[in-house]
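Once you scroll down, you'll see the structures, which are given as structure tokens.
The same chain A turns up in both complexes below, where it pairs with chain B and then with chain C.
Then we have the complex of A and B:
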């Protein structure tokens, strides 16, 4: 019983490391040589698919999250008569954490799953094989534009998310609940550091962009070429991306804003 | 390497799990001729095409294509070699996000520096050859299986490769399209000296155009030669396959328990 359990644990560990190794080789091969001018059209099309088409869900979610945050901050801060500081809390929590993390999670659900399903279906219908047999490397033609598009799009979507969320916060905090508008903006301006808050948040977004597009592309390329295989791969993309984003966010926060214990 | 052979395979071994697909196969595909690989279902005919194209690596053996061992080429060298190989997939494998025209233009755009007008002319010529010039603006989802296969054939011959591999090219074709396809494959072989290697179960059609037939069974090459010599081959398994007989040394059924026992169980 114990031996069987250990054996299965060992197999799972080895499979995990083997997949990580294959995914790393795949990423390195796909990224090699790009971007070239000839691939700008492919990159643009993918940025439209994964970036522009994700804007609606980002905008709606950002407005709702900004509004809810503002509501919560206002309610709590009002206990201390500090409701005019809503803008400070809102900006810091969005720029440092929620902006990149929530955008990454939404991006994994909307664009990551689509990338996996598309590449998985191309594999199932032998489109990747036929491309390779024509002497065109699918790693460069299919995978690389999606990897680059994910890396570029996620920071841009995070910018949009932050802006809309702050707008949602203003609508609720200032225009509805009645926090002072001057204090709202000036507090935010004084508290936010362009590098420490905004810059580091953008670095997080870039890292999440690399992670999500890498996981999505590998899961699609590695999917079992059946309907059930594509379904399982799509699910794995969303689950693994979400875990990767949350775990990496913790590590990055620890590294960027360290000295929590001292 | 024999100057008259475009493909030379020696000592090829390949397994999937415990199942041996090829158990030491040697064969030479003559240059500029039409060769057919035939055999019962599941003998690895498609796998052999994929090994020749370098998509699948064998466990052992040497596969020379135009003098290059595809098993030992680097990824870049393999992709370079493939520019001179066309392959028609069993599933057609058209790019579903591109129109018929763009599918056929794809290899030309990727591998040549031709002007758009020249690409247009070439694509229309290739589509005309398969009778689908009028379907250039359709999407793959709007094509029947037979039409999709003809578009895939037009795409496979777009660059006039030295070798074209066809995986079941006749499946799903109506009698008219079948006649045109047979004549097209024959003309390309004779006029352009393209080497054609086809996998097919359609004995009548294959025998009518093939210069050589290689018959595979049980992981081995059991016979090869011109169609006439195979028809008159003394071996029983060759005769059974060439004449489509249900009874003979090659079983129709996948290995299984006794039929009566399987159905009635212990009540027998």
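Then we have the complex of A and C:
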């Protein structure tokens, strides 16, 4: 009984390590393939699929999140007569945490799942093997552009998310609830540091971009070539990406802002 | 979809992101491009600076005139040395200018208020302000109060 349990635990552990190893090799080999000038067209097409098509969901969510944050900050801060600090709280929360994290989660749901399903179906219908037979390396032709597109698109989407969310916060906090516009902006400009808040947030976005596109591509490439296999792989992409984003975010925050004070 | 349409929309996407970045840098982070504003540095010694942070504002009569550039401690004297970065050129603040650590609102951030004096001699860059009043610490105030109550 116990031995059986231990055995299964051992198998699961070894499978986990071998998956991680294969995923790392796959990532390294695919990243090596680009950028080559001949592949810019492929990259552009993927940027369209992954980035441009995600703009709508990003803009709508960003506006809603900025608006609701502003509402919450305003009602709580008004208790202390500090409603003019809404801008500070809004900008810091968005730039440091919510911008990269929420964009990453939405990106995993919107673009990561699509990448996995697409590559999984290519594998199931043996498009990948036929490419390899024709002497076209699917790593370079299919995987690499998606990895790069995800890595580039997520930071760009995060920039748009942050800007729109702050706009949403201004609409609710200043134009609707009536926080003072002057101290809203000046408080923000005094408190936000270009590197410490904005720059570090963008580094998070880049890390999440690498993680999500890596997980999505590997899950697609590794999917069991059946309908059920693709569905399971797509689910795993979203679940693993979300966990990876949230866990990595905690570690990054700890590293970046760990020495509280100063 | 035609390749050209895709290229145009990706281009627009990148352009939108760049606009967002400029907005976040200039409007939100308050980075100003162009000529760096002229500033000079003054020092001030305080017996207590609890709650004061770098980049806190320095004001005269509530109007921003600079920011806190650096805070470090002089262990031998048990005092804090605060470096102030004042906008403009030296020669406008008299040598008996006072500095006070104040609080915005009840829970607000700490900032420094300067009170220009009347002396004819002016502070030069790098000079130290000696007329200072440190931050009020609630525990010390309560301590004083309790001691006085005990004495009377």
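Definition applied: the second predicted complex is superposed on the first by the 258 of 262 C-alpha atoms of A that agree within 3 Å, B and C clash if a C-alpha of one lies under 4 Å from a C-alpha of the other, contacts with A are read in each partner's own complex, and residues count from 1 in each chain.
The working rule: a contact is a pair of C-beta atoms (placed from the backbone, for glycine too) under 8 Å apart; a residue touches a chain by one contact, two chains touch by 3 or more.
Remember, it's a predicted structure, so these values are computed and weren't measured experimentally.
Look at A:189 in the shared chain and tell me whether it touches chain B only, chain C only, both, or neither; answer first, second, both or neither.
second
Name the chain, either chain B or chain C, that contacts more residues of chain A.
Here the partner covering more residues of chain A is C.
Touching A:211 in the superposition: chain B (first), chain C (second), both, neither?
neither
I'd like to know which partner A:125 touches here: chain B for first, chain C for second, both or neither.
The first partner, chain B, only.
How about chain A: which of its residues touch chain C in the complex?
Chain A residues touching chain C: 41, 44-45, 47-48, 51-52, 55, 80-82, 85, 91, 95, 155-157, 159-160, 162-164, 166, 185, 188-190, 192-194, 197-198, 262.
Enumerate the contact residues on chain A facing chain B in the complex.
Its residues touching chain B are 29, 125-127, 129-137, 141.
Which stretch or stretches of chain B touch chain A in the complex?
Against chain A, chain B makes touches at 50, 53, 55, 75, 79-83, 85-87, 89, 91, 93-96, 106-107, 110-111, 152, 155.
Taking the touch rule as given, give the residues of chain C at its contact with chain A in the complex, in rising order.
Residues in contact with chain A: 1, 3, 6-7, 9-10, 12-14, 16-21, 23-25, 27-31, 53-55, 57, 105-108.
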